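A, B and C label the chains in the order they appear, each numbered from 1.
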Amino acid sequence: MTLATTTRRGALKALGAGTAAAALPLWARYAGAQSAAPIRIGFQKHATGIGATYGRWYERVSQAAVKRINEAGGINGRPVELVTEDDGTDPKRGAEVVEKFALEHNCDIAFGTLFSHVVMGSAPRAGELKLPYFVVSEGHHVASGALNRWTLQPGITDVKSQVRAMAPWVAANLGKKVTMIFPDYAFGHDHRDNFSEAIAAAGGEIAGLIAIPPTETSFTRYFPQVPAETEVIYHVMVGPGVLTFVKEMGEFFGPSRPQVFGFIDSLEGVDLTSPGLEFLEGTYFWEGNPRYAQPDQTSHDKAYRAAVGVDDNGASVDDPRDVSTYAHMFGCWETLNVIRAGMEAAGYAGPEDRQKLVEAVEAMTEMPLSDDHPQGAKVFNGKTHQVFGPQYISKVEGGRLNVVHTASIEDGMYPDEVDYTTQPF
Amino acid sequence: MDFGPHLMLALIEGAVLSAVLALTAAGLSLVFGVMRVVNVAHGEFYMLGAVAAWFVAAAVGGAGPAAFLAALALAPLAVCALAAAADLAVLRRIAHDPERTIVATIGLLYILQQATLMGFGPDARPVAPPFNARIAIPWPVWEEGGLALTWPWGLSVTTYKLFVIAAAAAVLAGLWLMLTRTRAGLVMRATQWDRETATAFGIPVERVYALTFGLGAGLAALAGVLVVPIQQAHYLMGGDALLLSFIVVIIGGLGSLPGTLVAALLIGMSEGIVSVFFSPTLAKILATLLVALVLVFRPQGLFGAAGR
Amino acid sequence: MRAAGLHLGLVGLLLAAHFVLPAYHHGVLARVMVLAAYATGYNLLFGYTGLLSLGHAMFFAAGMYGAGLGVRFLALDPGLALLAGVAAGALLGLAVGLLALRTAGVAFMIVTLMFAQATHLGILLAGRWTRGDEGFVLQGPERVVLGLDLGDAAIRYLAAWALFSAVLLLVLRLVSLPAGRVLVAIRENEERARLLGYDTRAHKLRAVVLSAAIAAAAGAAYALLFGYVGATFASVQYSILPLLWVLLGGAGTVIGPFLGTLLMFYLIDTASGLTPAYMLVAGLALVLLTLFAPQGLAGEVRRRLAPWLP
């Protein structure tokens, strides 16, 4: 680590040149005089805007994870405190919030962003401010090399990996001719490109590609474009229109539908027994984490459910109609545990150790199934800053999701596209 | 799906969209026409109608049509009263000045949206339709020996969607009768024509404005109630509704109810039909440019008087 | 004279602020200056010429993508990229102006709104290059001009300051020239201006193009200074924001757009620290503003204290 130390000195010198000079004394004062003060984690929350459904649950899970960490003695003997700021699910406000965490709130790190455009808008500022930025986004932006050394995604598998892990099972069990319905922007294009490639590799083919423009609120007129030879419909939609989408798909196909495979993103936070969703019976979903407690539920999932206040149906224990974003929000829990492990490994004492924290996380590899990682065992790739984990395929039976297949970590692996560890801090 | 049935389906869907749009836009057109102000919060009243419908339906409970009918009756009234109160509390005090009204209604938009987010939450929530049978539509084809009916895969409509079209048509007809045949309509038209003279004739202009503002919001809310079994209530649903109905009002010609109806059909149908021929996002772009060019070459709108 | 003194004073004050502001507010002000340049360009069309556009985000985005795509795919130097962005915005302004100026009033609002929506969707359609809504990041090395790293806080601030000062003084000069007075005459009564022999169409077209070019300069600067290019900036919301900033600060005043942008930022930033319902606070503030300061901040100052304010 001699090399890294040198670059760190260089980085600190460079820091002194800019306005960070004005901020540096603040950090130093904080770290020196108040070493027993809480570790402050800036939580970038989608409290308003289109991400608000997720933001609410991301915050609940994050608070529960922090509570658990504090009850176990905090990090390096210091309590942890979540500093929440709304980013409006907007990339400009996201960048402003990151600045606020670093310079105004004196946060040690920033954490918790889901929507890709907010990550993309915020990450350059996090890099410039040398603020470790832990996203829980499932976007492929981190592993694609588009971001920087200070941005990491150690708690949730990215979309490229998720999609590739699905293709072999879909081709083997549902059908070879697949028509994809996806939103016509980057997230949907990631699904289109990666699944097209992976299904061809699995011996299947794409029968049709139907891109839905954003802000669309009615979908029926798109379904006629589904080719008649289609054996499987693959759907992934996000945003407030998703329930309409699934409902209208049911009304369109009526009783004679092809096999249907969807990403639960289409129905995250939505009660499967909502009126109009009867059609989903017998269809399949990708789930990042099984919403309904399974017969072979691990003790880790049980403990996690209890800690975040979610019942066996994936809804809030206080209100059974308040369905969680169960397939994604575990990422907040696991990321915070990675942060704790990283800070402990780095001997993190304050903002001057931020680089050491990034290096410590980069050095991680295996993360076994445990209370810290209740979704499943993970493998972290320090070069691409991206974690890989198992994926689940569930079938809707009697209005609940039953896991029928677990894709292994290896199913979702792909060659590295970047090596962040060669980049300077 | 074959071309013919595909187009048929696009037309049916376009008709549903047009019906909802015509109701929302009629409300905006009324406010625009009579009061000469742009109500930026109009989409939020549409949203409030849908949200209020969810609350009413949840309070009544049950799976039958009673919950929906109660929502249909109560939600627009509540929104109407709220809007009239907002007009009296804010817009009246700034004398319905056009620019100040834009800022004030943007403020109102923020307030309503945030209040809904806190009271209703960020999730999309459905209300069960009172009835929702799927009706397959036959399609005639020539075969040996004459005309035969086929049942193309997917060509269908639900009874509820037909009800939405009928309900919107009935409400718009009622509005037309009210404006042209009743004393209240006469007073509104007089105020629209010349505010000073109306005042001189003893018309309580302020009260007419409050009622117009409330009625406009109520129409938007009614559209929101009708749409909620199809599209769910969501706190951000007002944005697109505002933009689309704004466009419809201008294309139709300011303050012209028949123009608004025709423009709603044009907008609702054009997107559907263009999407049969082009990839969806390209279709949206083309439909948008098409409508913009209509205005460029006919700035007063389809039914507006020239040189106003 | 007083006017020149006031605005030069603001420029000087902003330069002085560079040396004294704490890091957070220093960064905030850099962003506010870029956005205030956008608002100032918007105000030229709305406040001075009386044309309410609801589609200025397309010009901001033209600058942002003109610069961002230039850097990404043509490896342009950031200085050239800025010019490319401004050129893209001015060209778009010319095309939109030629069509949209056939209309007036609310029809102008709608036509600009729809052209902006088409632009937004076009950016999504060209997802292969633009990465659609997700956008793309301009990395550090792509943002170095003449050895100056635009990602460095001090350089960013000074670049934003230079842009804003140039736009502010340009508009200040313009409105004192006969050409600027014609714009105000058009706003007050276009028919009369035409009868006086002015080619109002040409003057309006020039105002649209200049306003679009300034908006594009701000968009290009945002991309280069903050390293992100995304379709969100082409959405309706970013067309409404400059209108809001200008109305808040005072339409038809040179200093108003800056005041409005600054105030709106701190209103939201402060309120969000106090309550999760900060939009409620912002909404109430807007309503109160229309009730008690209808001309916007600078407009009220002009009305009550300083009638000479340009």
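Please note the rule applied: contacts are C-beta pairs under 8 Å (C-beta built on N, C-alpha and C of every residue); 3 or more make two chains touch, one makes a residue touch a chain.
What you see is a predicted model; the values in this text were computed from it and never measured.
Undergrad: Edges wherever two chains touch, nodes for the chains themselves; is that graph a line, a ring, a star, complete, or other here?
TA: Here the contact pattern is complete, since every chain touches every other one.
Undergrad: Taking each chain's centre as the mean of its Cα atoms, which chain lies farthest from subunit B?
TA: The chain farthest from subunit B, judged by C-alpha centres, is A.
Undergrad: Quick check: more C-beta contact pairs in A-B or B-C?
TA: B-C
Undergrad: Using mean CA coordinates as chain centres, what's the gap between subunit A and subunit B in Å?
TA: About 37 Å separates the centre of subunit A from that of subunit B.
Undergrad: So how far apart, in whole Å, are subunit B and subunit C when each is placed at the average of its C-alpha atoms?
TA: That pair's centroid distance is 33 Å.
Undergrad: Can you pull out the residues of subunit B that are in contact with at least two other chains?
TA: 114, 281, 284
Undergrad: Two or more other chains touching the same residue: where does that happen in subunit A?
TA: 48, 184, 213 - these are the residues of subunit A that touch more than one other chain.
Undergrad: Mind pulling the residue numbers of subunit C that touch at least two other chains?
TA: Subunit C, residues with two or more chain partners: 121, 124-125, 278-279.
Undergrad: Touching subunit C in the complex: which residues of subunit A?
TA: For subunit A paired with subunit C, touching residues are 17-20, 22-23, 26, 47-48, 85-86, 90-92, 95-96, 99-100, 103-104, 116-117, 120-121, 123-125, 127-128, 139, 141, 146-148, 184-187, 189, 213-214.
Undergrad: Using the touch definition up top, name the residues of subunit C that touch subunit A in the complex.
TA: 21-24, 26-28, 31, 121, 124-125, 127, 131-140, 151-155, 157, 226-228, 230-233, 269, 272, 276, 278-279
Undergrad: Which residues, counting only subunit A, touch subunit B once they are in their complex?
TA: 48-50, 52-53, 55-56, 184, 210-213, 215-218, 220-226, 228, 240-244, 251-254, 256, 269-270, 274-276
Undergrad: With touch defined as at the start, can you tell me which subunit B residues reach subunit C in the complex?
TA: Interface residues on subunit B, with respect to subunit C: 38, 90, 93-94, 97, 99-104, 106-111, 113-115, 118, 239, 243, 246-247, 250-251, 254, 281-282, 284-285, 288-289, 291-293, 295-297, 299-301.
Undergrad: For subunit C, which residues count as touching subunit B in their complex?
TA: Contacts found on subunit C: 99-100, 102-104, 106-107, 109-111, 113-115, 117-118, 121-122, 124-125, 236, 240, 243-244, 247-248, 251, 277-280, 282-287, 289-291, 294.
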